[in-house]
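Quick heads-up: structures coming right below.
Heads up, the next two complexes both have subunit A, just with different partners, subunit B and then subunit C.
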Partner chain A sequence: MRAPSFRWHAATSLADAARALAAGGPRALLLGGGTDVVPAIKRRQYVPELLISLRQVAELGRLEPHGASLRIGAGVRLGALAADDRLGVGHTALRRAAGVVASPHIRNVATLGGNLCLDTRCNYYNQSLEWRRAVDYCMKAPAGVALAAPAGGTCWVAPGSPRCWAVSQTDCAPALIALGASVTLVSAEGQRTLPLADLYRDDGMTWLTRRPDELLAWVDVPAAARSTYWKLRRRGSFDFPVLGVAAAVELAGDVVTAARVVLGAVASHPVVVPTESLLGRPLGDDAIAAFAELATRLAKPLDNTDYQLGWRKRVTRAYVVGALRELRGDDPALLGVLARRQAALIPA
Partner chain B sequence: MPPQPQPPQPPTAGSKVVLTLTVNGEAAEVAFEPHKTLLEVLREDLALTGTKHGCELGECGACAVLVDGKPVLSCLMLALECGGASVTTVEGLARGAQLDPLQDAFADLGAAQCGYCTPGILVTARALLDQHPAPTRPQIEEALAGNLCRCTGYLSIYQAVEQAARKAR
Partner chain C sequence: MNIIGKPRRRVDGRAKVTGQTRFADDLTLPRMLWCRLLRSHLPHARVDGVDTAAAAAARGVKLVLTGADFPIPYGILPVSQDEHALAQERVRFVGDPVAAVIATSEEAAQAAVQLLAPRYTPLTTISDAHDALATPAPQLHTYAEVGNLHKRVGFEFGDVDASFASAPHVFDDSFFYQGNTHLPIEQHATLAAVDGDGKLTVWSSTQTPHYLHRALAKALAMPAAHIRVIATPNGGGFGGKSDPFHHEIVVAGAALRTGRPVKICLSREEVFYCHRGRHPVDMRLRTATDACGKILAMDLETLLDGGAYGSYGVASTFYTGALQTVTYEIPRYRFRGARAFTNKPPCGPKRGHGTPQPRFAQEVQLDKIAVALGRNPADLRLEQLCKPNSLTANYMRVGTIGLGRCIDAVVEGSRFRERWGKLPRGRGLGIACSSYLCGAGLPIYWNKLPHSGVQLKLDRSGGVTAFCGATEIGQGSDDVLAGLVAEVLGIDPFDIRVVTGDTDLGPVDLGSYSSRVTLMMGNAALEAAGRARELIASAVAAELQLPVARLGFAERRVFDLEEPTRGLSFADAVIAAETRHGTLGTVGSYRPPDSAARYKGGGVGPSPAYSYSAAVIEVEVCPDTGWLDVTQVWIGHDIGRSLNPASVRGQVEGSVYMGLGEALMEESAFRRLPPKRSDALVHKFPSLLEYKSPTTREMPPCTTYLIEDPDPQGPLGAKEVGQGPLLPIMPAVANAVFDAVGVRVDEVPITPEKIVRALEEAARGRPARVGPTGFPDVGWPEPLRVAPPWEGGDGKAANETPRRPRPDKDAKDKQVPR
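Then we have the complex of A and B:
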């Protein structure tokens, strides 16, 4: 499978990248580590006219304290991030999520920015051109392969639906939203900072609120007293999440004073679960069970990823319970078989 | 906005680009079509066919090589991204007629059967041993978690890495 031809620009600075992106128009595509872009262009999910490489942009590779937060450049590689000592216990959810993306080889190249901007995925979309042609394409990847798809076409997962249901399967986004991260986007026009949750849209076709001329420059990540990330996938390596549960809590004694729980891979965007019911009391079994019920109702998986649909919905409850029990300090050995899949939780 | 100086872009030769990189310790100047991956350039333009074409989509590890000492998938890396980099392929492991201890151990223990996964596993294990000369079994499993093998069941591979580590001490 060969990549199509494209024009190439190796950006040398953030300003240069922003300028190239603005000048490149709608068929310019940013290249972080390329671990999602390269398979996608081989399959002609998109055919960019211009690729803008961010590899040489030194500003994007920085990782440094910024006030009480950690500022992490979009070009930081996930493998290096997961191993970086500047991520303390306060950033456990991020360290875990970055450390379970894809496989070690991919993490050596994959960037945080690419992970946060990762295209949504679907069994009908992440296929070769020939496969997609054989089913007459779907709405997200129409026949006239382009970067921005025209309106129309069928969603093969929900053929009656006017929208695309491709799934957000980034591991780091739920973890970073749970930690309360904000993201800074830079364009030739200037820059703006927004809560990371606001970067995402509940739409498989246009999954980011990023303007086409903006690039993700860095994220600011506050620390949380306790946080975790639980990932469900068939194999312990390679596979995208079929469910991700990120959770962060602050406790005063054993009373919860703040909590954020985010579900990945159950919708076209990371799903933020309202946590009011957890606040002002300990993480008791009943509170956790009621909360897990609410989270499960918000999870709307469709039959377009690995694993059977009904089970994916049921396992959401078990994962939310497990993650919150871990955060209240339960012995990992007592958390059961699902916990044993969280490699980082159970030391080898 | 005042006109900006153009950043250095790779020189072109006809429809090809020309890059200099270090391959297995030697400087190599190579001309290739700009859409090619590192895997395609290694095999087709540098005639280094030890690195294998597997899935071509990042899902198997057969194409693993070291770039600046780190295991990466050459099928996912555009060759244009490798200007100035140091690339190590399986051809670069032996020292003349002397095999790398890993290659000896793989041969001794039958850790290669069909052999298709072997080049990718050898370079990945080399990077591990360079960093951790005495790796634990979980460290070996984690380092090789991106290399699929359909033949061996992995056990002989792990044992071969352990044997090579012991012999090197």
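Then we have the complex of A and C:
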């Protein structure tokens, strides 16, 4: 497959990129590592008029302490991030999430910003133009092209539904939200900072609150006492998550004083699970079971990724239990085959 | 032996690992044009026309072709000449090629394809074999035997019903084996060019250059002598490059029309549409046994979902029944099989061709029999293996059989007797066995010609060139050829230049399919090399004044066996021979022995020899989520003799890997959209990312035992290894899952969802099983009745009807005199 023609601008600074984006209009696309955008262009999901490469923007590649947090530029490569020793034990969830995206080759190229802005995915949408023509396209790309497309079309996942149900399959967003990260967006007009959870919308078509003229510049990531990320995928490499469970807790003795649990890949946005029921007491089996029940109710997998949706919901419970037991300090060897699989796949 | 039997570096290995092998897509010629195809976006429709004006006028476009340019049908089997390079009046699946654009760049061709305007009238869509049974009209093909059933076959060897009526035990199980695809890493690519004298050369990623040669001659109405096909080294085939394909004929036709080289490289999605992969098969297997589980009779029904065209499908249908008999003694046997036409990419031969599906059924059922009768499943198998040098109920001639030793090896390695049935819940062991052909006894088109030929050229440089039509598809056939010739002539395999897969330069070999190349090309190579050795020996004997019998050939020398320092270098020996005999060249050829099966349809299944495999697999299953990890594989393979043990191990372990993919995750799944809103029937995920195939992460430790029991039919005793070791993997996984959590998944793939479903069934007090509950009514005709050898049979059917006329074949013979 060959990509259609487009104009190319290699941005030299954040300001230059923001200017080019503002001038480029709706058919300008930002290019980080390109591991997701380029195949999508070949499949004609996007037909950009202008590609703005961020590769030479030095500001985006920074990774440095910022107060009590770590400030990570959007251009930092996932492989480098997972291996960076400035990510301490307080950032375990992020290190794990970044380390299990796709495959080693892709992590060497793909960026954190790209993973956070990852287009929502769907088995009806991540297909070639010819395939999508065979099903008469869908709501997310009714004219065959997703960007700047007119409204209309069917969501084949739920044909009676007025909305698009494409899935948020970023690994890093659940992990960073669990760690309480904030994100800074930059445009030619200025910049704004918001909690990372607020970057996402529960809408397969407009999945980010980012304005078209804004680019994601960096995230600020506080440390958490204990955190983890569990990823479900059929194979030990390559695959996008069909379920991600990110969890972070603060403990006073064995009493939970703060907790954040986020589910990935079970909705069009990362799902933040309310954790009030966990606070003020130890992570006992009953508390974990009740919380896993709540999380499973919030997971809304649909028939548009790998695996059957009912089974993904069942595994949500098992994963939430497993992740919290891991944070409680249970021996992974006793957590069964699923937990051992997590441990085996995560880079040291 | 100096070379054979020792693990060595392959002759083609260096070029492959250093990236120097030139695959079809690496080829470029001056003034080369590019081709892209328009494929149907409807699953079934009448083609009312294609408006080509806008595409023809687009920038860079040199030629637009449609079905009218390719009116002559072709197909791999003479009985199903049902394909055209571009669609005629009908498209039959999403991806069926309709038109082609030839342009100065791939981008220009692709852009112009978007400007083609086909006009269709949609027709009823048939989703699967059950749908085909229920929907006899409209027919996908008018030559189908009945309705949308392409073909029905049936045999009965002995009175099966009588055996069932008196048997102490009868086991009756239904199974479903999902379709899957080959997934070669190299996508199909073809380059065609016309020489100055008008002759055509086609370089293609094909496993069968000879059959492509024939199809090109027919479809282009061109003398075969004016066509040269060069099979480029294949980046994997597995059966998926064994048919002549649309794109090959289109670029050849385009090169003839434009006078310029024309190339096409398919996208991954298009490879899924070429398909010819594993047929989805519904099966019902009934087995009658005595009190100890010894088989008295077997009754098998299969229903294959064939997809939209014939391909190898008739042979695939026969193969779902033909090889059930060569593993265990089956005194009486009935087999009935049918293949349906459906609106999906055509199915065909994938590694194991038609036999993994019934093998799964048979080996899982044997496990059930063992459990039901309280027997160890390894013993149950060992007690009833076929005898060496015997004839089966359906007249397959079994030669050597090393299966007992394979079972012993894997049972001992895995401590199966000590551990089976005794591991803690969640962990389990499963065993299964299999057998496979070493080449089909009959060619695809009927003839009495050699199946393989090898030609050797030797000259005064001491150089030896081996020519053969065989095709290197990654399996190591070039190395087998060089190794055998080098062994006979006492030189190094790297001294030999191997020229293969070229229909102009080498003698015919039928192609790299049905595990035939090592045995057939190998025997031809031994004959050619033996003749060359005789020529050299007679000359050297004269020069040294010794009897020929005292000469040895080794270490690049021809020498006196009694006084080894006395002799000539190989190069001097060749000079002596050229001086004495003139220009040196020898040939060898091979044709399999005639079959004992003399009934119609008995041509599918006979082979000069059969290979055998046994596997034990250990799994860990999460009882809560059904998650399944294969933790260890032990596999024994009866290879006859390993010509190059390093290559043999590679093939065994590659088969294990591919088998695990089929067992655990691979699936040619289709989506039928709601008919009210759309009638689409699309491949669910024609991509490397979403068609799930295992990675190295999923490959467990594998212990391989090579069992050597040289077979007199094989070259130096060698049997096949390319396909057989895949077969026991899927049933061994299913049997291990049962041992781990007590549930039966009578389907492939065996996914966590299905395991959970079976566990839930068990929790509700229902049978702890997932799988089909019955077999559809196919409307079987009367089977051919053949008495088994031990009931006085002579291999002929008692009720055979005269051969039906075959209009397609007769028409073909008229069109292309040969």
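Side notes on the structure shown:
In this text, the second predicted complex is superposed on the first by the 340 of 348 C-alpha atoms of A that agree within 3 Å, B and C clash if a C-alpha of one lies under 4 Å from a C-alpha of the other, contacts with A are read in each partner's own complex, and residues count from 1 in each chain.
Here is the rule we use: a residue touches a chain if its C-beta (ideal position, glycine included) is under 8 Å from a C-beta of that chain, and two chains touch if they have at least 3 such contacts.
Note that the coordinates shown come from a computational prediction; the quantities given were computed from them, not determined experimentally.
By the touch criterion defined above, A:Glu250 lies against neither subunit B nor subunit C after alignment on the C-alpha atoms of chain A.
Once chain A of one complex is fitted onto chain A of the other, the partner contacts of A:Ala11 are limited to subunit B, with no touch recorded for subunit C.
In the overlay built on the shared chain, the residue A:Pro104 is in contact with subunit B alone; subunit C does not reach it.
Looking at the shared chain after the overlay, A:Arg2 reaches both subunit B and subunit C. In the superposed model, A:Glu49 lies in contact with neither subunit B nor subunit C. Look at A:Glu59: by the touch rule set out above, it reaches neither subunit B nor subunit C.
When the two structures are aligned on the shared chain, A:Val38 is found in touch with subunit B, with no touch to subunit C.
In the superposed model, A:Ser237 lies in contact with both subunit B and subunit C. Under the contact criterion defined above, the residues of subunit A that touch both subunit B in one complex and subunit C in the other are 1-2, 4, 236-238.
The residues of subunit A lying in touch with subunit C in their complex are 1-2, 4, 123, 126-128, 130-131, 133-136, 154, 156, 159, 234-239, 306-308, 310-311, 314-315, 318, 336-338, 341, 345. Residues 39, 41-43, 94, 106-107, 110-111, 267, 269, 426, 620-622, 624-627, 629, 665, 671, 673-674, 677-678, 680, 682-687, 689-690, 692, 694-698, 752-753, 756 of subunit C are the ones touching subunit A in the complex. Taken together, the subunit A residues at the contact with subunit B in this complex read 1-6, 8-12, 16, 19, 31, 34-35, 38-39, 42-43, 51, 53, 55, 79, 102-106, 108-109, 188, 236-238, 348.
Listing the residues of subunit B that touch subunit A in their complex gives 1, 4, 7-10, 17, 33-37, 40, 56-59, 61, 64, 70-73, 75-78, 80-81, 124, 136, 138, 142-143, 145-147.
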